[in-house]
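Presented below are the structures under discussion, each in the form of structure tokens.
There are two complexes below, and they share chain A, which is joined by chain B in the first and by chain C in the second.
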Partner chain A sequence: MGNTLRSELLSAFYGKQQVLHRVTLSAPEHQVTTIIGPTGSGKTTFVRCLNRLHETTPGARLEGDVWLGDVNLYALDPIIVRRKVGMVFQTPNPFPTLSIFENVASGVRLNGIRNKTVISEQVEKSLRLCSLWEEVKTILHQSVSPLTRGQQQRLCVARALAIEPVVLIFDEPTLTLDPLSALRIEELIEDLKRRYTIILVTNNLQQAARVADLTALLLNGELVEQGPPAELFTRPSDKRTEDYLTGRFG
Partner chain B sequence: MKAPRVHASDRLFVAFLFMFAVFLVALFVAVGFALFRGAWPTLIANPVAHLAGERWVPAQGWFGVAYFLYGTLISSFVGMVFASVVGVGTALLLTQFAHTFAVKAIRALIDVMSVIPSVVYGVWGLFALAPWLRFMPAGLMAAGLILGVMVLPTLIVTVGKMMDSVPQELVDGALALGATRTEKVRIIILPYARIGIIGAIFLCFGRALGEAVAVALVIGSAHGASRSWFAPGNTLASLIAKQFFSADTPLLRSSLYEVGLLLAFVYTVFYIASKLLVWRVSRRVGAV
Partner chain C sequence: MKEEVLLAAIQRRKVRDRWFTGFLMGMGFFTLLPLFMIMIAVLWNGWRQLFTLSVALAAAGTAEVTALSLVVSVPFGVGLGLYLCDDRGTATANVIRHVANFLSGLPSLLIGMAVYEWLVAPMESRSLVAGSVALAVMAVPYIARETENKLCSRTAWFHDGALAIGASRYQAWTRIALPLLARPLVAAILFSSAHMLGETAPLLFTAGGGRSALRGVFAPVPTLQLRVYGDALTARPSLAGQVYAGALGLTIFTLVIFMLAKWIEYSDAR
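Entry: the complex of A and B
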């Protein structure tokens, strides 16, 4: 099973409103699993259940389980889970009061590492993985505000990588980026899948077709169909998938 | 082409709003004028030498305010240290660590407490707090604590709002890295809200500097006999509150006006200092 991330009959609620209905989905190791679906279909809620962020929202609860390999994530401390399942958000959210270096180092420190050399090495390694090192190595101790949005987003990826997670979740990471920056994030995701289990939420079907090894369609909180993108996009087995792909939803 | 009428009404509205601003400026000028007119007799005589000196004995013509300045600064300082520590801590608890219905009720209660008039706190301090704190006689320390208690609700409410205003995406970012609630506070909440928190503390400090009634009730009465924080004393504001209406000589009355001017001056210095501090903090790396 390795580091396959799997949800089992996952239902999520905000108060009385149910936003996910018994979703069962597997995201295998070293592959990019994309989750597509119109706005409001529960994609973000779904991935927030995977790293146990969902439960931090007041009034939110869920049923079902999430497994990483053979470990039930809902049997662990959520703090531990979030250090194994990293997340990159829709809007780049570097910590504005910290320097570039400290943004990446903050995660390392949270893992209990205090040795300055180790922290520096880890920061450099993470920034290199996101091909950001060359761009920022001379301004490491300056504020993040001069960085472009694309650079800020890659910094957020570096920050997530620095805590050495097993799974990486990207929640519409290119939504607010220009096309070129978006492309760099896509290349980065392709590159990272050799090391991680990757889940990519996207509203962009071309993007899903480009980077996905597996694609799943969520509609109104239900998993409609999942499979390799080539199949799902060309020979959908569910009428609703066809409707969505031809633009009759969302 | 005729100018659209919408535009005319827009200008009218702005002019209307401008009137309020003019009113405020006029109010400021009027208060300043009243202070200066009242203080005029001693101001033209010898303003600085008149108030310089250690002792305040009107009957002998001594109007030294050094001690009251000291009393004002010490009591406000004590109050602010107390209120800052307890207030920031409480605000953290209420906004970051507990989200139950009880917490919402407590926040509502604190909102109400922040509008209780200061005289109520003063009377409470006089009758409830002072006997309980037997080791603490009337004086600067007691006055400071009353000031602290008095500004505490406002401080909690303001600081809590600053903490609430930290964007959710940043909080999520910290949580997604596996930050505990304490680490979230250290990495995101406090750094992000720090300017607002400092601002709130200074706002309350300003209120404490000028608070007269509550202080007058618990500070005892002495005009510079002892520097001790635990002996009866006075502040600039409490001095005015206690002596103004019984001031029977023109010289004393005018001197009290001058004390009022001095208090306004202390305020101004303090205001500029707080602006400078906020500016310096926000200029450091990555301020928001």
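Entry: the complex of A and C
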């Protein structure tokens, strides 16, 4: 089982409204699993259930389970779950009051590590993994505001990596980025899959085709179809997948 | 022909626009007029006695009572705002929010009477601490509402970001979200203190008066509000200058705090 992340009959609700309907999906380790679907199909809710951020929304509740290997994540403390399942959001959200160094170090510090050498090593390692070290090593203790949006997003990836998760969720990470910055994030995801289980939410079908090892289509909170992108994009087995891919809706 | 009709219609619209702009400017002018008249009257009649000992002592008392009320109200207000944002949507939070809103709508006289019962009667004396508590009770709902609104609207992204790297809810609020709001919250707290400077009723029951502002927290304290109220009640023409001087002191206090809060708001927006 390793670090495969698996949802089993996952249903999510906001108050009385059901937004996910018994979704069962596996994201194998060292692969990129992309979740595609039109706006409002429940993609973000689904990934927020995986790292238990969903339950922080007032009125939100959930049925079903999420497994990481053979560990049920809903039997653990949510803080421990979020340390194992990192997340990068749509909009880059580095902490504006902290320096570049402190942004990456924040997760390490929040997790109780105080040793300065360990923290420095962890910051450098994470920034190198995100190919950001060379760009920021001389301005580590400056504010994040001079960084481009693409650099800020890679900084957020570094921040997530610094706490050494085993799964990384990217929730439409290139939505607000220019094409060049988006390409760098895609390359980064390609690199990172050798170390992590990766789930990528995207509205961009070309992006899904480029980086995915496995693609799943969510529609109105239902998992319509999943499979290797070459197969799903060329020979969809469900009419709704074909309609979505050919632009009939979404 | 058609073009002429169109041009005439445009001309009519322009005239109406000018009338409407003039009407709005007139409304603005009449709104500001009383303020300017008050300012001129207070300045003209009060400046001669502004720098007297009694006004200085009352100003010191006002500063003391306002500062101490902030010491009491800020932790409660910010804490309550934090809770209301963190627990937003739950029945308990909704009830507490409504109670706080109700409290902020209560006549300040009632708050003064309540604090009189809680503190002044048992201690058998009006005091600096009782006055500060009365003002703090009024400030807490305002600070809580500002904290809640600012936290929920401006820090949600960063709060989620902190939770996603393994922060507890407490850590996400206190170490990431609240520091982001340091300036706007300080501005909101200053606005609340400027608002409190306008309140006389709760101090009537609680702060007392007296002539010295430096007798300790459990002794009565003179304030500008009480000075103005007390001297005005005597209706002695000889004290008119004192009344205006006290009012001018209050105006200066309010203006300085208001401008400081505005400057902090402006520097945060940049």
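Definition applied: the second predicted complex is superposed on the first by the 250 of 250 C-alpha atoms of A that agree within 3 Å, B and C clash if a C-alpha of one lies under 4 Å from a C-alpha of the other, contacts with A are read in each partner's own complex, and residues count from 1 in each chain.
Simple rule for what comes next: a residue touches a chain if its C-beta (ideal position, glycine included) is under 8 Å from a C-beta of that chain, and two chains touch if they have at least 3 such contacts.
Computed from a predicted structure; not experimentally measured.
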item	value
Fit-or-clash call for chain B and chain C when the two complexes are aligned on chain A	clash
Which of chain B and chain C A:58 touches, first, second, both or neither	both
Which superposed partner A:93 touches (first chain B, second chain C, both, neither)	both
Chain B versus chain C as contact partner of A:159, first or second or both or neither	both
Which of chain B and chain C A:141 touches, first, second, both or neither	first
Partner chain in contact with A:170 - chain B first, chain C second, else both or neither	neither
Overlap of the chain B and chain C footprints on chain A, listed as residue numbers	51, 53, 56, 58, 79-80, 82-83, 86-87, 89, 91, 93-97, 106-107, 110-111, 156, 159-160, 163
Residue ranges of chain C in contact with chain A within the complex	87-90, 157-158, 160-169, 171, 175-176, 179-180, 182
Interfacial residue positions of chain A with respect to chain B in the complex	51, 53, 56, 58, 79-83, 86-87, 89, 91, 93-99, 106-107, 110-111, 141-145, 156, 159-160, 163
Chain B residues touching chain A - in the complex, by the definition given at the top	99, 167, 169-170, 172-180, 183, 187-188, 191-192, 194, 285-288
Touching residues on chain A, where the partner in the complex is chain C	51, 53, 56, 58-59, 79-80, 82-83, 86-87, 89, 91, 93-97, 106-107, 110-111, 156, 159-160, 162-163
